[in-house]
Amino acid sequence: MIPVLLFASYADAFGARRLDAPVGAPCRVDTLVDALRALPGGTRLPAQPLVAVNRTWAAPDAIISVGDEVALIPPVAGG
Amino acid sequence: MIPVLLFASYADAFGARRLDAPVGAPCRVDTLVDALRALPGGTRLPAQPLVAVNRTWAAPDAIISVGDEVALIPPVAGG
Amino acid sequence: MHSPDVRHVAVVTDPIDVVALLAAVAAPSSGATSLFLGTVREVNDGRAVTGIDYEAYQPMAESELRAIARETCADTAGLLVAVEHRVGTLLVGDVSVAIAVSHAHRAPALDGARRIIESLKQRVPIWKQEHYVDGDRAWVDPTTSGTARTA
Amino acid sequence: MHSPDVRHVAVVTDPIDVVALLAAVAAPSSGATSLFLGTVREVNDGRAVTGIDYEAYQPMAESELRAIARETCADTAGLLVAVEHRVGTLLVGDVSVAIAVSHAHRAPALDGARRIIESLKQRVPIWKQEHYVDGDRAWVDPTTSGTARTA
């Protein structure tokens, strides 16, 4: 299980601000996203949601390690 | 005689903030400038100094009438 | 990465002190200062707005803001930058973001402020949920040029 | 020529109140505000400056500033503008000019402030005499990219 932080519309979609993705580390970012998509509310994710690992933007093929801080990032709308 | 307002480096050049140009109204702006150039300090004017008539930029061939507010404008440097 | 030209970066909940931000980029070497303010406006996409909830992934938002400020300063020697973004519930007229940039000359100061607000909107993890007069709320989604209605 | 979008234009001798200028362009319809400040800096053209005397042809300077503000607002619907230029003796760090522009969106607000400072430097009858550390003084002449020494 990999803990994932959720924000804004994604927190609304999953009904939580944090959840455990049913996948083990190490794994690729896109593997984590697929695991999240299978959870209740996961169908509301876009095709390629943004992910941050350790507070840095992560590509779909980046590797998540045990202990990493992982966040699923909705389309940003600051300013 | 046409009264002329002077500012900044032109006031320094003529040693006055206001003087009477030795020319009668009505006259052209460039005629006024030539008259000013003949006065002590007038050689320090550039080839085509800017002139304002009634607080509006005036072309060399504009006509100055009796009672107009005439100003000789050094290169502007606001901001 | 040490960067003394980035004078201040923060994501805050209190109202932004614009005068303090300007003071943060004041310097005897500065001849021009550009301040950009984002404010909550009463209408968006034709709907009457009463307020906005701003939410941030706080630590990443601050680090992204700081990275933007550093990159901007690195590309233009002599820039001084201070940035704050506010989160929480803001009302119409409230300042949501303030970007202060100073430089010896005006063009770099003006360009710097513009670059920072454009980058901020691209890559800083902050979100806003608009509150409408009819009680509806929606997260703003710039990727669809609109909003995703909730509940 | 009536122009309610030009909220405030003045050539003043007292210090410029930047907060008041921002308040003058605040509106529920505004989503972005751009403020430009010109400040006296300690060095110009490589010479150490202690202060600047600003002089204006006051009534024409105000009418030219107002014309610039009106033309800018006329070309971009929805802009709100407030401008002050200070004259008299200013010291290093003092604000000589402040231009506040607001709009629903950021690009017009940023473009508006830039246009006004550029136009101001072209056509508003204001002059500055720099005071140097060595006691010398000179009127700044942008047409020669330098200064005309006096005395």
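A, B, C and D label the chains in the order they appear, each numbered from 1.
Assume a residue touches a chain if its C-beta (ideal position, glycine included) is under 8 Å from a C-beta of that chain, and two chains touch if they have at least 3 such contacts.
What you see is a predicted model; the values in this text were computed from it and never measured.
Common neighbours of chain A and chain D under the contact rule above are C.
Averaged C-alpha coordinates put the centre of chain C at 24 Å from the centre of chain D.
Once the centre of each chain is set as its mean CA position, chain B and chain C turn out to be 49 Å apart.
In chain D, the residues that reach two or more other chains under the touch definition are 38, 106, 117. Within chain A, the positions touching two or more other chains are listed as 79. Annotation, chain-chain contacts: A-C, B-D, C-D (touch as defined at the top).
For chain D in complex with chain C, the touching residues are 18-19, 22, 26, 28-43, 92-93, 102, 104, 106, 109-110, 113-114, 117. By the touch criterion stated above, chain C contacts chain A in their complex at residues 38, 54-57, 59-61, 63, 85, 96-97, 117, 120-129, 139-144, 148, 150-151. Residues 5, 7-9, 12, 46, 52, 55-57, 71, 73-79 of chain A are the ones touching chain C in the complex.
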